[in-house]
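Quick one: this structure, given as structure tokens, is what I'll be asking you about.
Per-chain numbering from 1; labels A, B, C, D and E assigned in written order.
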């Protein structure tokens, strides 16, 4: 890990230390577990968006895709709205639907050549529309024991969902490090035209990256459903910015070609520690939003100091 | 495979032949009916003043420029080169004047990019194999860089080596020796590096034809078997280096 | 898991008669979405008023309509001292309620929730979850629908502004409108659109509907007062004074509009009372003045009394002061309109 | 106007014609006036964001700045919360506050070198925090006759607010065409490094652009307050994406250096015609979000076809 | 103003003097103690093979490269040039090998960029004045392009003219004739355009000193009063063009 990559982990340690010093409640084991649990969904979503950002694209489809997946899974596993009881298969279908929506973003990007900012915003609207239609006015509540247990049962002090998040980070890291998809995504962010010169057709990889990202968001939607025991259209609200923020805070640039899953994971922890710590320390809710915004800006500033020039592209 | 009666030499068709190539740019005739012959396993120098059309000609040979008229023959076969990949499939590869590597990938990945072969199995990287494949290419040109170094951490000269190693991989695609084109490869190198490069170009001749472009006459004379001269988009002569008097230069 | 925890764990849960708190040891927490929503801000003010009444202060929490943040804030409350913790919570949505309830049960805190609860989650399965209060949305939707029908003389076209489509409140209220429409067969629903409970969105949508249906529109049914107020602005801007408007919530601006004759009716959901009553119930149980076992099942999940407010009775609601007697321990269920069906 | 710039106006005409054919209500004069009135606030906000996008930056501070300005103006003109009655001066102060917040984004960008994505997100949080503090639980209702009249009184069939929007577009166009600020903003998007080579200090211009954008958002917040006769913290909700969408739909690129105020104005009309038309045609509210997302994507696709390569940078 | 005894010629101090300039890059000594004298109102050619250090030297003269050692004297005054603006304020300007124009601005804006003078009053553009100012510069070099054309709609050659016109404006900043540096200005031009450029360079001599870098010997000989030769970062000679034999070239 180069010096340049060391900024965010150092910031994480510093912020953690400051909160631990300020608040006894913060430094308890229970609270640290709490932080990991709270970070789980964001971590999974960020895994997906990291690949997109690595390519130099952006993805705003998260809320729509997560909403669609949340409602879908809630209606397919055991629930109070219908007699479905598909269990894991239902979860699989929800994730597949999410992947299909992600694929749609990617296709619109490469076929219509619309910037990802617009295609993903469009797909988000479509996802929310689909979710609202399926929602049909009655909250589907999950009664599926397995899905419910994911949020409740613990292993080594952490909720199953948190372990799922760890697994996703691991998978994401393997993809980034050992798969053609991951390496090409990275290369697209570095020098797309060189890939084309070398005879690599980049379009399928772009579509594949958006598809994979969609799958991660879909899993995120499932996880939210497990936490809430219900399928919400709003399951993904705010996760678009939160995930981009986490990735950027962790050192993934908005111009592509830098950063990666581990960077993003650090970013997720940073953001989560921050919002947990502010409450623990007792910052008034009036101020929390502003304070959090400022700290994030400062953290990013600290992180980009060693790489100023390159970070300027979305200026 | 059509044998071309006009060029048929003793040892089968030429590696590459260009006939009457024309390329217009808005306001400029960059190529005005160029002819060029590249024999097998020779190092051909391409000389000519700035703007003579050298780069344009070479780009046509690797499918980056679509000529308005004229023909390209590869080993006696008339071809149409629509892309770099096309050219590579015909065994023609080029090291560009500006570098074309992915900066955030490793040297090994850049060398095998687009033809990873056994380096990637079902989409999964086998770093060991890939390193070996790259090492093989680097060995050919006598470079000792670490194949797993990130390209943007390498010196300019080393990156040049990576480019050459990458181009050399096109021999994997054909069953005959490739044509390797170097467009002003020395302009950014130091003299020690230039020496290394020359050694490598001479070594290349054993398993490839090489087209070598440079402004520096001494270079061209040093390393080439023949020199073709271009002026204003036309061929104005083709001289074996022995017959050519050593002209004075600005040195 | 609910059953096990719910029935046997009374001692540990602290909700039973075994443990009583000194009044001074009680921590009061009120949690709503936003301080920037007048209705919800008035709720927290009501909580403050009650706290003052018993010589305490209320901790005001807001989570900005963000479910994750709500859960986080609550789990942090549970990580602290919970033995005398009293919480009056507005869950963000139905699905946010179960984890809050489970957490309270485990922590032995005293919890009252309002508005949102999954239909199949029974308060009586728990003893830390003292009560759930809501208003009957179908009823309110119907009441203002009827008032609107009457205001336009029993016949003519109306348009409906729905709330956020994926909320129970929006759905129930619209169902109430549909009931009202079937009873008033000469009233025709010309169009229904969503304005997401938002004043600004209602303004735009209403303007468009006004150009679309023109003078056919005699009335506007809005699923909350914010949207009704947006619709009123649109009417003002279009120079229309012949259109009746109804809403729900009895926010101060709506009451003023009714007083001024600009708006026809709204339904009270008494924010200050809601903010106080949840804390009052929790406080009474925590201090031992009320025992969970003594709370009747029909008072564990109940519809609070709501009033149709029109010009003739608006004066009674204009300055919604909390009444100390509402919060007396023997009086906390006085506004019940019966159990949630 | 080159062929390349003709895409969005053509799309506008086509979409308008389609709706006019489908719906008699759509093609009335009253509805066209309505569309202009409905576009007014978005047009003003988009004026501001266009300069930011032209520079190659992005701005997500709109909701916070508009909210702060809305509450401020409502508390400074005649209102039901206090005895202030500052009239135009109050409006001026609200706009100045908004400009100051915009300036903050710009300063954080050039001093801390944090990407604008993050700084403006931070400033939005700060703005919302400030607004919530001032709001203090009681809706400030505006009784100022002038401010109220802006939304109600009409001149040549259009509300005063709409004329204000026209004025803003005109001012924006003049700034873009005739001021050093506007030309440099454009140049920064084109080739920032060349400006520096020529001895132009670009930082003050960046800060100035964000400041000017803030002022436009502030005026937007005032306009919303005029329309609703009340100061809402939520006054700017959704205007960030709406404005970026409008600008992009109109042909302003997210990489800077292209587009401009007139492009954006066309984009604003396109977006407004779309949401009006969908209601007029009677598309179910359950479908509208999705349909609108799709049409926007298609419209952008149509608009970018002539300029494919360049539009790819936020890929 | 310090007069330098060593160089003092008849007509006052030299326009520009460089003494013992040294610049290291990682692994390369790009400049190894270069000396250079530019007299007033002369066209000085700068020759030397690729990598000789020409561009590095010139960049030091316009404040883009900070030398590790050595001195730069402008009209008898020792100066430190920290930026392009610094250099411009001392009357030194350069046309870059790669172009440095803002593509989406007009030619006129590019020409006056950063020194708009009367073209902008209180932040407001006066397009008429600006057009006239630009026209004046373009007239000096005999270019007939429309000053209000967007730069990216111009041909490469025309953009080159815009660059030269832009650099010429530095004479506004000093009360003495400027030093204009052209780094390989012909490499991308056609011969007709080169002719025009030469005419302009000769014209420039009347109100400026010019440093002209080119690979092409004939060019240098054609247009320059003297030629300085660089090799491996050192000056290896300075020849008035008349005394120099015309060497053969690849032409």
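Going forward, a contact is a pair of C-beta atoms (placed from the backbone, for glycine too) under 8 Å apart; a residue touches a chain by one contact, two chains touch by 3 or more.
Chain by chain, the UniProt names read as follows: A, D = Sugar ABC transporter permease; B, E = ABC transporter domain-containing protein.
What you see is a predicted model, and the numbers here were worked out from it, not measured in a lab.
Graph distance from chain A to chain E, where chains that touch are one step apart, equals 2. Shared contacts of chain A and chain D, meaning chains that touch the two of them, come down to C.
When you average the Cα atoms of each chain and compare centres, the chain farthest from chain A turns out to be E. Of all chains, the one whose Cα centroid sits at the greatest distance from that of chain D is B. Looking at which of A-B and A-C shares more C-beta pairs in contact, the answer is the pair A-C. With centres taken as mean Cα positions, chain C sits 33 Å from chain A. Rounded to whole angstrom units, the spacing between the C-alpha centres of chain C and chain D is 35. Rounded to whole angstrom units, the spacing between the C-alpha centres of chain B and chain C is 76. Chain D and chain E have centres, each the mean of its CA atoms, that are 45 Å apart. Annotation for chain E: no residues touch two or more other chains. Residue positions 35, 165 of chain C each touch two or more of the other chains. Annotation for chain D: residues 132, 286 touch two or more other chains.
Touching chain pairs in this entry, ordered by label, are A-B, A-C, A-D, B-E, C-D, D-E.
Contact residues of chain A toward chain D in the complex are 55-58, 108-109, 112-119, 121-126, 128-130, 132-133, 188, 192, 206, 241, 244-245, 248, 254, 256, 286-287, 289-290, 292-294, 296-298, 300-301, 304-305, 308, 311-315.
On the side of chain B, the complex with chain A involves touching residues 83-85, 88, 100-105, 109, 113-116, 120, 123-125, 127, 166.
For chain D in complex with chain C, the residues that touch the partner chain are 23, 25, 28, 30-31, 34, 37-38, 131-132, 135-139, 141, 151-152, 159, 224, 227-230, 232-235, 237, 275-276, 279-280, 282, 285-286.
Interface residues of chain C, counted against chain A in their complex, comprise 1, 35, 60-69, 71-73, 75-76, 79-80, 93-96, 98-99, 102, 118-120, 165-166, 168, 171. Residues of chain B touching chain E in their complex: 26-28, 47-51, 155, 186-191, 215-217, 229, 231-232, 245, 247-251.
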